[in-house]
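Going by the order they are written in, the chains are A, B, C and D; count residues from 1 in each one.
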């Protein structure tokens, strides 16, 4: 069992709450509300900026040149590729760069990104990688699972682009457990909160719409 | 107008939402639910630990020995005095040290403390002090205002100890604006969210109690 | 007068001791000993790795996405371009990648790189940029001055490749003085020590050779 | 064999070069020049300030409250006790607080203190403790050995106060080797350079005096 397999086993409840959140199922069958997805997209833009900072921190933390180059490649992938893809994806949902840049940060986004940056600054490169892992290995795992669902990749599913984008390749690394499991659990829990935040935004919009269309 | 007066003026909406939050009024007239206060107390314990780390960071960041000594005095005040007072206050509300240490961190506590630590690590000593200011100057301002309310310090108000503890002395420092105002606003907003978190816990408990006593 | 012009004026003695060090003149007229240059090349390789870490720190420290991209471009320039050029230059002087990787760090290299990293971690992005400035703006200024000397670019000057490599474009940024001048002075002084270190290595080799050829 | 015993064994050459440096023997038999000791005292004052910052960093890095309190006690010991003792010791050698505060930092002091701070910020709490260990455990070991020498504690030895001050208690902690041994070796080597720096200052003064008294 690889190091991350063991981490996932040690944090299995948190891992399931994150990777099997209703938000993700709503992406596969297209039932997620637009409001929920849009709110998620905006916060995910702010999230990417902080994740780029975390990769820069990984370069700074690296004890070897090979680690520096690997982390620098990750940083460049976020700043030069992922962010552009994200801005394009957002444009398709009616969100302009200005909408993204001026969005007030959600408490869930702040908690998650700053927790990762602090765990990484406080600990060493491995602690930082573990804090990054729920996103790095989780998104690929989620998207791969969703992509296999009937209809997930159909032209009628508005979320098929997101699924295709993340149904990519996973990741791996060595170990020093207990402390790392604690970081991993916390970061996984915060990933789940992030879905929850998007989900709540959708439910509120639905409730408001339902209420505004009810006869008084 | 002092530097912090100008910061408060520049962040007046956030400052009011924080210092005049319903939670604070509930402390003055004793109407705050016990569940809300207890949840707040537990998270405030976790908060104090991170604030001690922020003061340690201020020692590290200090360009002059005098700044180091000042920050080290703040660190010592938290670890040697405030935390003990807090543990005692918690004991009076039926919360044991074990309850405090094993409490899962709330997302609002994580967001606030890690934001402060990150703003401080990213910027210089002044940026860190500004991020700490809503707590350092706000708690004194709130408690002083509440203490003046009729009945706030009466033996019948279960929250009089908290009010007396914080109706203490404020704080002050120099300037480099715009960026600092942004940090101050964010930290103030997160202080308000912290109250909101406690408030919500109280409302949920009340709702559950009301529901459990309703005839089915 | 630009910000860096003012910094240079405020640190004029340190700036001259660095940019007009005998080591640099030895590069222009080819009189520098091979031992001095080789020792410098090896330590400069270790220096580049730490400078890459400093640029990664600048990405982490950046308050805006545009600053992040600028610093990330600098990081990538070091890791993907400068280090390769440096390894090639070293090969031309008989230094293998193994020689570079296994070299024990000189105290002057440690003092300079760690001072820059600490000044940058302690302060904000501007403090970090000021600590980086003696290298970033100084090397271009030195190489441009040397390139204009008669014979400096002649095929007979073994150091013409180094001169050509750095006779490139300078750099610029805004201000908060006194503290920044102090950082700038210190970093400039450490740049001079770095030359001095190389120079000493050359003198020692010469002395040893002279002594070993003297009749006993 | 304890963790630090193994570290010392793994870095035995560096450890001997540090703990048995001629400078230390000169302290035991009183033969060290005043100029060497005075230069050392001044740089050691600047060193203590950075070591206080390193202990503050240890508080920030601590994963547990108990670790935070231990590191905070170390910080307070430096700022509230050691620095005062040091200022008094310096006064006995004719060095005023002003002499200490205005002294230009020596390259050996910068290299050592910034290496420790960087190794600690880059790695985790254990890495930081290992980087601090040559000073924390070495000084006690050196002073204990010197104190046992005949005459070391005699009233005629001007360095007996220094010896008595450090002939105190050692220190201990757990493990993750290779990387830690590398940090320990480097920090030990830099401790030796620190002695060397003081030693050189003494030799230069002696040389100058000898030359100025020679008949021309």
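Odds and ends about this structure:
Throughout what follows, a contact is a pair of C-beta atoms (placed from the backbone, for glycine too) under 8 Å apart; a residue touches a chain by one contact, two chains touch by 3 or more.
Here the structure is a predicted model, which is why all the values come from computation and not from measurement.
Contact count check for C-D and A-D (C-beta pairs in contact): higher for C-D.
By residue number, more than half of the contact pairs of B-C reappear in one of the listed pairs A-C, B-D or A-D, namely A-D.
Separating the CA-averaged centres of subunit B and subunit D is a span of 40 Å.
Distance from the subunit C centre to the subunit D centre is 29 Å, each centre being the mean of its Cα atoms. Mean C-alpha position of subunit A lies 47 Å from that of subunit D.
Annotation for subunit B: residues touching 2 or more other chains are 60, 121. Residue ranges on subunit A touching subunit C, taken from their complex, read 49, 52-53, 56-57, 59-60, 62, 65, 68-69, 71-72, 75-76, 79. Across the complex, subunit D is touched by residues 60-61, 63, 121-124, 127, 176, 179 of subunit A.
Chain contact summary for the complex, subunit C toward subunit D: residues 105, 107-108, 110-111, 114-115, 117-118, 121, 186, 190, 193.
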